[in-house]
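Next come two complexes built around chain A: one with chain B, the other with chain C.
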Partner chain A sequence: MSAPVLTEQAIPPVAPATTRRSSWYAYLRQPTVALSVLVLLVMVLMAVFAPLIADEPSGAGPDVLQPPSGAHWFGTDDLGQDIFAQVVWGTRTSLVIGLAASLIAIVLGTAIGLAAAYFRPIDAVATVITDVMLALPTLPLMIMLAAVVSPSVWTLTLIIGFFAWPEVARLIRSQGLVISAMPYIDGARVLGATGWRIVTREILPAVVSLMIVSVLLTASRAVISEAGLSFLGLGDPDAWSWGRILLNAQRSGTIAIAWWQTLFPSLAILLLVLSATLAGMRFNDTRDPRRNGG
Partner chain B sequence: MVRFVLSRALKAVLTVWIAITSTFFLLRLLPGDPTTLMVEGDMTPEMQAALLKTYGLDRPLWEQYVSYLRELVQGNLGISFRQIQPVTDIILDRLPWTLLLAGSAFVLTVAVGIPIGVTAAVNRGKWLDRALQGFGISANALFVPSVAILLLVFFGAQLGWFPIGGAIDPDTRGVGAYLSLAHHLVLPVLSLILVQLGPYALTLRTNMIEVLGEDYIRAAQARGLSARRRVWKHGLRNAILPALTLMGLQLGTLVGGAVLTETVFAYPGVGRLIYEAVGQQDYPVIQGAFIMLAVTVVIANALTDMLYAVLNPRIRL
Partner chain C sequence: MKKTVKGRWRLAVALGVVATLGVSGCGLNEDNSSSSGSSDTVLRIGTTTDVSNFNPLQSLSKTDSWILNAMYPHLLRIDENAQKAPELAKEYRYEDDGKTAVFELRDDFKWTDGQPVVAEDVKFSAEKIMEYKLGNVAAKLTWVESIEAPDATTVKFKLSQPYAPFAEGVGFWMSIVPKHIFEKAGDLSKFPNDTNWVGAGPFVLDSMTKGQRYVMKRNEHYPLAPEGKAAVSQVEYRVYPDVNTMMLALRNGDIDLMGTPVPVSAAKTFENDSKIKLEKVGALGFAHLTYNMKNKYLADQQVRQALSMSVDTKAIISAVLQGDGQQMAGPISPIFAEYDNTEIQPYPFDPAGAKAKLAAAGYRDANNDGFFDELSFGVACDQSNANITRVVQLFRESAAKAGIKLENECVERNTFLTRTKNGEYDIDASQWGVFDNPMDQLRSTYLSSNPGGINYNLLESAEMDTLINDAAGTTDPEAFRAKIKNLDKVVHEQAYLTPLYVENFQFAYNASKFTGFSPSPSDLLGMVTAYSLAQVTPVK
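Here is the complex of A and B:
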């Protein structure tokens, strides 16, 4: 996509002397990154100021199944509700669940990954559990749990977050293993540092940038998971969500007629997840110039 | 080889056992456990107790667990709440459709992904390579129902090229039935391929670039082997192995995607069954469907690993 742009800009000639600030600048100066960050910012603003942008959609309206127009930018559904308002309010749910679930996954995944990387006995158990979790079909598993608990934004967050950590753990563990083998870790051990201190003060700082990448990538997956569960009827019945708009179209049988009812929430999912993924991947590339060639 | 197959089979059994055990206890520790779900509000306490006794829910947890496992081993997944029928029968009715859908998507992704990945690796930096990189990254952001609905609206409803739902036209016989089957399969399979293909071809490309830089490929070049033979015969053989592992790991995602695609196209597989069961709050069916899908994925994953062993001379013993 923009790999050539990246190789020219991400490794400026001043690379060895880059300060923290200028590497952030180099990161943000890439066009794909700037665009992604802009999209993410707009989404965050939409989520925060949803009540100012559109009234929360509820009840039935007179304009049923209207195509997009000046009055209804994204058209209306079979109940006459405004799709634009549904998409705006859906941004809230998607962002909240995406971020909160990814934070749960990051905390669990980092703790397990680091413990596995440094403490041998834990590694065996953690690897088996991670492998098992990665081998199972996650969506059916989440469906099963979400069906039993009464679905709300918080239960969905917990379920999604709880099943997203294995990928983070695997990533952090592999990086942690490399760092655990470095001489300065041996040095710390010789100086008498405890295992806890080595993991939290020496290894953790070295994986922080990987954690930032993971937050973005895990949040992307969490948004997709939430949309999937909502689409299957397991979303929070009191909160608008992009998956729920698609479900409404599916249930009312308007998929083939009202293209606007499915197109706009789909675009919202695509934009949000694509931006988060791109921002995450480019951050990863900036962090490690050796990867740019691949 | 025998030892490898045995240890892989053991790992598969262990995975399924851990999955079943953890979900059994998780489901019973969650706030809305099966007891409260099944017992309707207006029952007298005596009726509730009798009902719980019938289903064995009044016994200690570990006793329930042992009998649950015993039943599971015999293939008993319980009775559906809504259709008074064994869950196993209901799911086995639907499973072949999901296997057909996910299996076709798997095979076609590999078949199409190999030439794309290899061509992109050989023509590094050219348009196909750049397109693949863009596609590979954005595939991550594709939401299966969105893709499925787009295909349904465009190729199904607007152009009328393909049916918009179902798996087969019941009036067809013989060859016509197979054609109808394939015709109904096109759009659901295509939605899965579109989501799976990018990352797969991209992995293959990366592996291929790495392999093509190795000494034995240069040696082959020095011996005067044609570029085509070097790439497709010597290189591909090694580049394909990590890509195969990736496909094995992606099986869970593939099945998750199938659940969503089936829902959009009213395809009569396990996924559509799950969607219906969610609407009817038929918990034994949902739980049974998860277990069956998990077993399917784990078996398919084990088979992929064994295929890997067959293709990789370093494991073949």
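Here is the complex of A and C:
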């Protein structure tokens, strides 16, 4: 669309501090945003303080396949382990992989996107690579890679991060192209600024908000990828993850009789992904000058 | 106005519901009419995957063998008590001091094209297996020098040396194929056998839809069936890759029998279903932890014994198998009662004792992290095996108490199989499917020449080789048994492996429609052996 080009031009890339604070306030005041951010905060707290909330699920207990009760909020699995504890500990893995993978994707994607936006000769190559990466069937490729390497939290993070950068690169590039055509970039160039300085000091700050949105969206995609890979048995067998709880239920054939074993981890995935996506999308909206102006 | 809109909505919804019910009712009726007509003797069995190889001499897959064993007869079968029973062979004996094995065949088996099954077919099958080194039977025919078929019902295998369980092993494992069909195929290692099937079992494949179903028609001459042919006119295998779906299909009446056993944790599924019955059988294999002797530390007997002391097999049986399994001491399963050395006891679960043993053997924890510095091992397992992955999880926790650091390396099935094949593991946690006799088992698991390809210890011990070869050449049954028992003890003392359990398998079937199954032990045989399928009768 060409409309944002015009409006972006009208807005200085760095807004005054007061407007920024009030726009954050306006952003958080939206009920969906407040709820989403709250959910995300709770998840982060759960991940950080997991050992305080529940013991790491281990061993085997006598209460096998118990439905949710006071003693076991989310019920127990076929070994008698508490599903609530598994979900809480799974939050750690899911969040760590989600965030770390999305950071990898953001760093790679931003670097490639900005380079493509500012340095013309790089653009052709980078665009082709990005398009090729976008056209690849990522899930089968991730499955193949994950099957070849030893599964661990870090290898999974790397694999997911590596396959998530093209979307970010494409977003950042398109925004970067708009910015680099602006008069103040020409001004900087006339003043003798180097390419490196222009990209890092002039263009990068202008795409930061887009990066924040990407972090949230990419992280939610990464969480889904991690759960998917773990469900397929390609996850870290030593770390609890939501996908692994689902895999346990599927493998032991208890899906039909123990609904709690699949419902709660699925709900956790849904909540995390939904709130990250909502928070990201609303943030994107607040940054949209057309909406703010109106 | 608003009210009427609401009312219309209600009407529409109600109509919709009625329509759906009507349609599904019709669907049900249709289903009933098709199954209550001429085809009410179709037995539908759930399988997990497609047939990967239709060549019975070559295929090694469990699910393939369910279908192929119903088509191609074997000389012997394993009955419900884990004993060899006659199938195509009426009897077998040894002549010439054990150097000739003679099978006497029945004369009433017929191929579906009308030809009789004769000794030449047996000779042809064995010779082709030897020529092209096909399947796992090739290793069992190692000693064969020549095969003779003096008449239509006698086959003689001349051996280079006596080998006590030769006839049992070959008789049970070798599929007999029709010579007049297979000899036209040329190179049997490349023969797909995927169309126009001719068999002599109770059922023979007729058609298939990949990913969905395999339809087998009755063989009108099958002498082991009570009426001279099976009572069921058609057997249909349906593919359900996921066990949850297969269980639901059984409950819904889409299938009548599950080929795969019901996971212990899921047995409750059928608790309140009066139509579904569970049939329990024993195992012919067992789950085990096997130590890679190429690892410097695992080559130390003290370390292996300490590891054996850090596995709580009793807790594993009660938690993972819900108590439905048997503990083992040595490598010989209690199902071979006459060979099982009852003098040896399983290593006691004693992590503290294991820790003391390792400290006494000179292992140190210099960095004080609670683990012995050198003792860190990976435990490889197949991620798709629910029980074994649970075992590894529990083993890792209990070994930590003994100061041994274990890493869970349960990976996706194909990766696991590749790693196992290449010896890329420290500890292998897996399940042996079927051993039909202890001698073959010891040969394939401990001989340095690794004839069966499952010497997961990668053991190369001259002492073990001597003991095994000595036992293999022993023809006197009493001495043979004593030698096997001694090997059982040696392996136990060396702790080459830690046997975990012999589990029971439960097969679920729709007892309101079919009865008369004759189950055999193991999940390879189970309810779907040729003999069992031939005995099944529909419930009137």
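Operating definition for what follows: the second predicted complex is superposed on the first by the 271 of 294 C-alpha atoms of A that agree within 3 Å, B and C clash if a C-alpha of one lies under 4 Å from a C-alpha of the other, contacts with A are read in each partner's own complex, and residues count from 1 in each chain.
Methods note: a contact is a pair of C-beta atoms (placed from the backbone, for glycine too) under 8 Å apart; a residue touches a chain by one contact, two chains touch by 3 or more.
From a predicted model like this one, the values you see are computed outputs, not experimental measurements.
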Answer with clash or fit: chain B and chain C placed together on chain A by superposition. clash
Could you say whether A:140 touches chain B, chain C, both of them, or neither, answering first, second, both or neither? first
Look at A:148 in the shared chain and tell me whether it touches chain B only, chain C only, both, or neither; answer first, second, both or neither. both
One more residue to check, A:224. First (chain B), second (chain C), both or neither? first
Can A:284 be said to touch chain B (first), chain C (second), both, or neither? neither
Using the superposition on chain A described above, determine whether A:132 touches chain B (first), chain C (second), both, or neither. first
Looking at A:23 after the superposition, I want to know if it touches chain B, chain C, both of them or none. Which is it: first, second, both, neither? neither
Applying the touch criterion given at the start, work out whether A:80 contacts chain B, chain C, both or neither, answering first, second, both or neither. second
By the touch definition at the top of the document, which applies to A:209: first (chain B), second (chain C), both, or neither? neither
Residues of chain A touched by chain B versus by chain C: which partner has the larger set? B
Please pick the stretch of chain B from 256-264, 274-282 or 292-300 that overlaps chain C when the two structures are superposed. 274-282
What residues on chain A does chain C touch that chain B touches too? 147-148, 150, 232-234, 250, 255-257
If we count contacts the way the header does, which residues on chain B are in touch with chain A in the complex? 14-15, 18-19, 23, 26-27, 30-34, 37, 125, 130, 133-134, 137-138, 140-146, 149-150, 152-153, 156-157, 164, 206, 209, 249, 251-253, 255-256, 259-260, 263-264, 274-275, 277-279, 281, 283, 286-287, 289-290, 293-294, 297-298, 301
Chain A residues within the chain B interface of the complex: 1, 3-4, 128-129, 131-132, 134-141, 143-145, 147-150, 220, 224, 227-228, 231-234, 243, 246, 249-250, 255-257, 259, 262, 265-266, 269-270, 273-274, 277-278, 281, 294
Listed in rising order, the residues of chain A that touch chain C in the complex are 58-61, 64-65, 78-80, 146-148, 150-151, 232-234, 237-238, 248, 250-257
Residues on chain C engaged by chain A in the complex (per definition of touch): 242-244, 247-248, 262-266, 268-269, 315, 318-320, 322, 383-384, 386, 389-390, 392-394, 396-397, 407-415
